[in-house]
Amino acid sequence: MTDPIAPAIELKGISKAFGPVQANKDISIRVMPGTIHGIIGENGAGKSTLMSILYGFYKADAGEVWINGRKTEIPDSQAAIAAGIGMVFQHFKLVQNFTVLENVILGAEDGPMLGTSLARARGELRALAEEYELSVDPDQLIENLSVGHQQRVEILKALYRKADILILDEPTGVLTPAEADHLFRILDNLRAEGKTIVLITHKLREIMEITDTVSVMRRGEMTATVKTAETSPEQLAELMVGRKVLLRVDKVPARPGDAVLRVENLRHVDSHGVERLKGISLEVRAGEILGIAGVAGNGQSELLEVLGGYADATGTVRVNGKEIALSGPGSDGGARRACGIAHVPEDRQTEGLIMAYTAWENTVFGYHRDPRYQSGVLMNNALIREEAQDKMTRYDVRPPNPQLAARNFSGGNQQKIVLAREIERDPDILLIGQPTRGVDIGAIEFIHQEIVRLRDKGKAILLVSVELDEIFSLSDRIAVMFDGRIMGERLPDETDQTELGLLMAGVTGDPSGDPIKAVEASLEDKAAREAASHD
Amino acid sequence: MDFATLLQVLDSTVRLATPLLLACLAGLFSERSGIVDIGLEGKMLAAAFASAAIAAVTGSVWLGLLAGVVASTLMSGIHGLASITFRGNQLISGVAINFLASGLTVLIAQDWFGQGGRTPSLMGSGRFEPITLPFAQALSGVPVIGPIYAELISGHSILVYVAFLMVPLSWFVLYRTRFGLRLRAVGEAPEAVDTAGVSVVGLRYAAIVICGVLCGLAGAYLATGLQAGFVREMTAGRGYIALAALIFAKWRPWYALFACLLFGLLQAVALRFQNIDLGGITIPVQVMDALPYILTVIILAGFVGKAIPPRASGEPYQKER
Amino acid sequence: MDKMPAWADAVLVPLISILLAAILSALVILAIGESPLDALNLMVEGALMRSSGWGYTLYYTTNFIFTGLCVAVAFHAKMFNIGGEGQAMIGGLGVALVCLFIPFPHWSIALLVATAAAAVFGALWALIPAYLQAKRGSHIVITTIMFNFIAAAVLNYVLVNVLRPQGAMDPATATFPAATHLPTFQEMFATADNPLFRGSPANVTFFLAVLACVGFWYLIWRTKLGYEIRAFGHSESAAKYAGISPVRITIVAMLISGGLAGMMALNTTMGEAERLVMNATEGAGFIGIAVALMGRSHPVGIFLAALLFGFLYQGGAELALWTNIPRELITVIQALVILFTGALDNMVRMPLERIFLATRRRNG
Amino acid sequence: DPALIYDLGGKFDKSFNEAAYTGAEAYAKETGGSYRDIELQSEAQREQALRRFAEAGFNPVVSTGFSMSTPIASVAADYPDTKFVTIDGFVSPDEHPNVLSILFAEHEGSYLVGMMAAMASKTGTVGFVGGMDVPLIRKFACGYAQGALAVNPDLKVISNMTGTTPAAWNDPVKGSELAKAQIAQGADVIYAAAGGTGLGVLQTAADEDILSIGVDSNQNHLYPGKVLTSMLKRVDVAVAETMAQGADLETGVMVLGLAENGVGYALDENNEALVTPEMKAAVDDAREKIVAGEIEVHDYSSDDSCPALSF
């Protein structure tokens, strides 16, 4: 030990294999107290695995963990919590039908009876909320919370357990810019208090913005650790992917044609009886990308679901001038596909793919009834496999093995399979939701290029994304959704992140005072309305 | 239907509902923890046999009860081993336990008592006798309330009262204690429990043991409370009905009470009014026999919405694929 | 990228599991004072070493194939059909009605029509639970349990009051006309000097069952319906995205499931008893659950599991015939086989995987 | 050696299979002979057991239960040297000369216990609990009702069946509840013909301090002083005798009624206090008359109808 102060975290020679997959290979890393340490790497590089080992979720095959200069055994999460480690997982570990309060005390109760624990936690939560600007309604069910709020609950859980070391695994993947900014302010505060933070992310902007040091992982190995101040996004990207990456989409101005998709006064009521679309009207022309920006939960999902044919609605939708059915027979996904609508859904794992199906089976999912793929009463699997192999090679799906089940591919490669399937159909309209959520920068580059290529072929594209960067770099026009309505339309050159951010929060015109406060107020207003209409 | 008949039917309802209720609550604890249990039938049967056998041999119904609980918990242990430790298929394990109990009880009974797979009839202290609640005699003269108290509420064996007390107790444990919170959580999101530093395996085994104990009470009630001995297959499908009641009740204790009482009532009615004459046409006995099941389906389809099981139930908890 | 070779998973694991079950069974047999070796010998001798033994083994196998496939189809659509028993009972009613009331010129036509009747009756009995699940959200496990009881009541009523020949003690239909009698293995394979399958009930429906296995495989893995059923079973939300109607799949899968259960009645009712008796299904619907689960809902697995249970049934009959072992022992052996091969398989698999991984590491 | 095949209820069904077992044991004890037996587990085993025993040289092959008649009819011709016995079943003696059908006049025995029930009843209501609604059980119920109504035409006879699945024979809890329901309707004597389910009836009757009537074998000892009597069906005697006759068994059709002592009622130290001299006199008188043909007890199975009870 030459350092005057011991590292908060020191991992020595960590290795971990999942069966034949070597997820971590002899990894060593040190993080100093009171710093934010970033970890980046491609999908499947082993970032989450490494941090899960630190948190005692997985057990390492080899290696040592040192916390604050002391060798610490972490056989389970109990031990990690005792060592002052808290973790916010990539996929939240919350009980959906529990209240916030119940989730916070779970595992950290005061005694065998709940009453006292709940009362104390309620007080503590209020204090934490004030200290870190982390307000959530303690009695709300998790399933009724937005993703951003769910994340706050995860952070509160860690703070409630007095964590000094906080690990965040891709925390901003699901957040809006405002929420992400907010999160970073919280992280800043925590760092100022001397807490140590490990941040896993795919977004180089965030790394540059907030971290002190950054490590790059590739294929289970730690390839570099550098001081953030001494590096650049381009260098990091290259370290990560092993080649030069374009960080900006190259595209020529759109040459829009006739309106292919025309939506008028679209309304949708969900199964709880809440009106999620309140009269949407919009138009997408051939050869242009219409980007829909908005905070998650403002009806963008429903818009895609309705257009994709798996949620009923009222209003009129015309495709190439022909009205399509919005409920009843002829309104399902099959009918939509038949009239030229392709759809890359927001959630590839629960909608876009059958995770247990092989890649080749997934390449016809939704189009499996196409006469092309039938031979007599049977499906022409040989043809499907052959085409799948071809698509996978062209879309650079790794590994290019059609026999592998979808769940064995990394997120980015899963997304490529969905994209290959939908784009290769040569649709008139492509609906595409969150195309790069949780996808590494190498894959993002590729996906963006494909979307633009399709546009340039004269197709109409409706893009929904919570990533304002993505919206800006892809869209030819931008519409902002809030609370089931279109708040306004802007051209990307004539607006900026701030204006869109306010529109996304339902704030029109110039806000007097703190914009963030105005956003919060507006969002809480909406949540209250929705909660009320639940009963 | 006059008042006396009503009371008799309700009295019968209580008796018929009790084993269902105990088994249903047993299943509730198990499934709330994420372990699907279609082996309730087998556990009850094992308990019925063990309690009757030990009560017959020792002459003490309490020792019998204990044996029943132990036997049922052992069966639970097998289920736990298969579905928790070895992450096996919970349905198969349940099916196997039903077969195992069905065969073993008779095999052991025959080997032990040589009475054709039955236990000897229980006498005196080998059985749970009905308990007369205080003032039952004195109050029985009071109109309406008196008979209700004296005939319907009083005069059941202790296990009936235990069963009914189990409902608020289960509710309390589930919703008001630390253990209950964790138990419900582990059935919904075991990874949340795990990352909160609580042992998923430990919680699930605890649930399995509670399930075993409650099934043990159910079986013991059949053999030593309602009956005076064990007869092969004497559970007669009650474990499956309890399972149905559990789904009906949407995995909640108070609803479980109502579901089991409803099943009990339907059966009691079907037994009491087997030969109804409708203007010269006698309704076939088969119709009355099937009536509880038909009504269940109708009620289910008509009034009970979708039953959503605990999210993690049936799936073994596995961190590494 | 698997932890161990497919052949080990498919062959080694079940074999070791069965071995464990056999060892435990042997201990139970010892405990009741009989010789496990003699017992095993009797079972193998009686079930596998004589053609008539095979005739019985395959007869039971036929039943279990149908009920196993019945449960498996529903499993693929993520439904748990406990109602095979009731569907088979009602399927039997269909068989009985056509056999009794349609004058058939030849057994082959009778078989065709009876197959259709069995499938339709069984499917219809599954239709109501399916509809209620699809449209009303009523849990299929409850409704199918209830429908088993209702089917028993229906059958009881019909056999006692409607189809029973006057004065007969047996709650059963009259014997079917000779033209509906299905050729047994004995009639098909026995020759004058080689009396194969003598007296055993295996009959052409066995081939129907094998055909059903093949058809099942094609249906599930080669048709778009099967593609949709499996997709729906894996993820309802994804199915909706793909334009697959949950209502349609639920109902169609249950109709197929019920139809397969109904077809089991061909074997027992038309093939063996040649009349409909009250107890024709004898729990085969429940064995079907174990068979489907052990067979991992794959026709080859189901065939093998059904064969195993057929062997246990026939071997058990031999035990019952020639020893004083109570018949409940067979139930215990079945339980152990189900437990070890179906539920405790990981107990065997986990150490095996470790061995294979270790050897692979050493070699790689 | 003789062989014995029990019906699906199993050797120990507290009913006729168990009686057959008792008979076989009695045969073994008395003659020092041995026999082989099998408890059927499935329908298909019926023929299998018959054939295997016949092939192995067992003679006679005795079977219980009406369901065995059809299988016997189909195998008997293949083994002309083997004698088959079907108890409760009927196989045409003209077509199959090597089969002995033993039938019991359960309606006659039930008639007698029905009379006793009517005489012992103070409430004017008696009950009947059957296992499953099958013709044989209706035959019991019908005889019982006739006997009871013969004593008191104003008597009310409540008849219930337990269920429609095989569990109906093994559900003492349901038997108890049925008994309680009948008691609530005024019944103070209940006749149970329901195998293991009947045990529940007998026990509840004892607990509730009313009288019950056992069936098939003498069940008086189960609850001494609480079981009025038992309707005896001497399957044990029939089995012991046919086994004793061995290969020389005389075939044909044998109907064992009151005259042959094939059925009757049980009187022993457990119930002597319950059976009054008048009761005994009346019942014995009726027995004579039935034997003499002066009283005609209608047999339900002869025409599927019952003058005294509707099903």
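Letters are used for the chains, namely A, B, C and D, taken in the order the chains are written, and counting of residues starts over at 1 for each.
To be clear about the criterion, a contact is a pair of C-beta atoms (placed from the backbone, for glycine too) under 8 Å apart; a residue touches a chain by one contact, two chains touch by 3 or more.
Here the structure is a predicted model, which means the values were calculated and not measured.
No other two chains have as many C-beta pairs in contact as B-C. Centre-to-centre separation of chain B and chain D, using mean CA positions: 34 Å. Averaged C-alpha coordinates give centres for chain A and chain C that are 46 Å from one another. Computed from the mean C-alpha positions, the centre of chain A lies at a distance of 46 Å from the centre of chain B.
Residues of chain C in contact with at least two other chains: 149, 152-153, 156-157, 326, 330.
Residue positions of chain D touching 2 or more other chains, listed in rising order: 10, 133, 163-165. In chain A, the positions touching at least two other chains are 19. Inter-chain contacts occur between A-B, A-C, B-C, B-D, C-D. Of all residues in chain B, only 175-182, 184-185, 188-189, 191-199, 311, 319-321 touch chain A in the complex they form. Per the touch definition, chain A reaches chain C in the complex via residues 19-21, 308-310, 332-337, 343, 345, 347, 350-357, 361, 365-366, 368-369, 373-374, 377-379, 381, 408. Chain B makes touch with chain D in their complex at residues 4-5, 8, 12, 15-16, 19, 110, 115-118, 121, 222, 226-229, 231-234, 236-237, 267-268, 271-272, 274-275, 282, 284-286, 289-290.
The residues of chain A lying in touch with chain B in their complex are 18-19, 55, 57-58, 76-82, 87, 89, 93-98, 102-103, 105-109, 111-115, 117, 157. Against chain B, the residues of chain D that register as touching in their complex are 10-14, 18, 133, 158-161, 163-165, 167, 170-174, 176-178, 180-181, 184, 196, 199-200, 203, 222, 310-311.
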